[in-house]
């Protein structure tokens, strides 16, 4: 037996950064969560505890704050690229950087609830909905990849969903249905062809494609809906070459009210927690370049 | 020592109910979480295990679904009143019912993301923001109380907040500040004077008052902001006689960038998790009637 | 309408403190989470934002750490008393202090997994189980109260539990059972007669009483089990005058395997999440002194 | 652009199963959470919504319960293998099955807290600690892989940990230390050479190796500790060929008490939540066979 060190990385996870930009009396806020993971010539740290090649994770935290002040934070993909390149460029021992950022959204408290003049409004309410994400890899020799994504986009179709024609084996008790509630929490990531892009527009448009396809697909299975969502993104957004989706089937079971002398014409549902279906799939351009480390 | 049974109650917690209403091709959804707790002549269940006075919690779950089908679910306060009265009226052993409901909000996926005609849209996206709540008590002899509330309304002022002039003791290191970020997750409950009300309008307007006062108050302390929020509700909404607020101070600490040769003019903040300040207070009409069991 | 300020308090929540005591080569660790809430002459902070009566929550955090260094942390009730008295005694504006502490348990990594001599072992593993808690109130004029407690003590009886003889109304479908799995996550608090006590021994013995009564009671209802647990504590521990318990019925439903030609003699269960029964009750000495603010 | 379907799978996640085995009056409980994911000839479900190749996720849930009754549940790896082989063997469209199981541990309530004779004890307390896990893959053509693991094994060394000699760049402010608290929540998975094994013994022994190496390593970096833990497993357990570890550095920061005139000789620490260091690494036998899909 020869014990060896395999793939490894280390970094600072979940550095919480809020940046306030003051455009005269009008403020803007950016609320992000940054995680960096570095790798390279790090064998000695593992084998002997010699840290000469190790940039402390505490320094990575400081770097996030310092670069946010120096360069600002606009699109999360751009800030992730800035950080990843900084690490690889500044230290010979760091050959590869992975930077992941989550962004949380806030809405300005508007005219209805804020009686001040527009130029003096600096109050915000967190808009719960989904979290925007990105993962950037930058490698000294292997190039740069960018994926964007979102988490916790919870959607529901109250009709227009069926499930029938499936395998029936000895353990199957499910009845086919031609009208059910379909609900899921979309978790999606998509791969950009290039590290140079208009990531803000791209995000908004991909999100729109996902919602459009979810809403507009008469669903015979959640698999079909998933594929339609990925395809819509690819056919609409030329900058994207691959989409990966994970969609739990958040079951809404029709409650049996017959013991109480009541019918239930798809009106009253029990929203279950566990277990849940889980559908995962990749939709891609057949001509997409190799993904390399993009999904790691 | 004489051991006795003190206050007690039992019930079914977190019955998840989603109701779909079909108004022609246009659907509406109601997504709630119902918890009931009953009390009364329940000594024997505790002392001897004789359950003759106990309506099973499983029955309470069934009742939620059956009454939702029979009577619909519009404002959560009204549905809670319906349930509470049902329990007390239908069983001699049940003297008191407490019903708590949480409501989760969904937005219709709109024109921008759904290309179908308005009359055929039945797709929704969960609007993360706050949770609407209510607690209703109905007592055979002691009457009925209604409180409404919200949880997790996360708000932030990027300026217009100070904190100074406080006590300085031997353990005080905090510097006074005249411009800080103020952020909190508002948890609020308010007491209605009557069990008959337009609870939908009331909710929207109380929420507006809370946001207005949060946004419009130049804050010298979070206590001052809390009080202003409660006062605004009471002065605006005649149907409310008492407001209780719990507001964590979600600290946003200005990052010290001087080690890196950078200033930080209220731009880059660290959003901390723990510890956090926690401000709790009640604002009420001096002439409010006694609350009885309303807050239990 | 005359708007007035009602009950209020403020403080620092969840100050996480880990203390290492070095007894020669043998170390001990204490892992706690401290929350303080102060009240008194605080009207001005609410009404005008004048903070002259306010000891900053940041100072409360500092105080926790400084007093831990000065006086150590042994039993959490004693440390809570120390803090509460410190606040009330040191500032005229603070009339009342509430201090809540959670304690997390660690086990020393033992002989089986640590080959070093006992005197050189300083490695620990977190023992997931329950969290120990306490809430202390100290009031300038109203005295001192101590409650202790625990959270998340998850217990299960695989037999010896029944539920039958309950009310059957039009919404009841539950079948009576004479052999079911009974599982719950005990949440308990108990009130001490005195603020002077051997809180470590008391905790261990109360916990033992709760487990004994849970295990040793043939249960006709969870209410009966709850009452037996509280009674056991009161009858055994003279320092305790009141016990409050909240016990969710963590349903384990027998799976119907008849569609697959299988019986299921109380062997295979589905552990459900929601909804769940929730049983809450108080058991007390009929001669217990008034609780005052002890449970607030 | 030619849009194609890439890797995909679907299944039922988090089927909660509790099994009670009655060995005379002595009961044993097994508490697990089963997730299955199937793949194969599933294109049509995605492309056209034709579900003829789809075994419903509801059936997968039923299968878990039925096979638990038919074959029992002993070691989770064996039950996962049983399920995975069942799916692939029973349906031509299913070419590959991935089954993941989590196991939660319970301790029998013992002599000290249960006064009944040993043969009549059927009461248990959940032993919080770590979760045991496994992931099994079975492929029609590609063979079978087994990984085992654990989550949330939280460990702490109160001394014997250093961190120094690291890179100092312009953003580095961290001081080197030669005595710090080192704490982490070990998340580990390890790959078995064979699908036939004594998985119960293997789990206990691997866990012991991990604890021994954590406790027994004078740590110059968390990387060094991680590697030592993986190496210990490989050198001790011949059935294991690869170990993957993810270990957050749960920072315990020494509190600066000098403003209060107090020293702090490694006694009082602040346990921070975020950000945290995150160290991930693989340790393997250089001669290990290819992992195939084992880690997917």
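In this document, chain identifiers A, B, C and D correspond to the written order of the chains, with residue numbering beginning at 1 in each.
Quick note on the criterion: a residue touches a chain if its C-beta (ideal position, glycine included) is under 8 Å from a C-beta of that chain, and two chains touch if they have at least 3 such contacts.
None of the values given here were measured: they were computed from a predicted structure.
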Third chains touching both chain B and chain A: C, D
Remotest chain, chain C as reference, centres from CA atoms: A
Copies chain D and chain C - interface residue numbers shared by over half, same or different: same
Rotation in the CA alignment of chain A with chain D, degrees, nearest 5: 180
Whole-Å gap between the CA centroids of chain A and chain D: 24
Computed distance of Cα centres, chain D from chain C, in Å: 29
Distance between chain centroids, defined by C-alpha means - chain A, chain C (Å): 38
Residues of chain D engaged with two or more neighbouring chains: 16, 62, 66, 171, 173, 259-260, 273-274
Of chain A, residues touching chain C in the complex: 170-171, 173, 259-260, 273-274
Contacting residues of chain B [partner chain C, same complex]: 1-16, 35, 37, 42, 45-59, 61-63, 66, 90-91, 93, 162-167, 169, 171-174, 219-224, 226-227, 230-231, 234-235, 242, 248-249, 274-287
Residue numbers on chain A that touch chain B, as the complex places them: 16-22, 27, 29, 31, 62, 65-66, 68-70, 106, 109, 112-116, 121-130, 152-160, 181, 208, 211-212, 214-216, 252, 255, 257, 259-260, 262, 264, 266-273
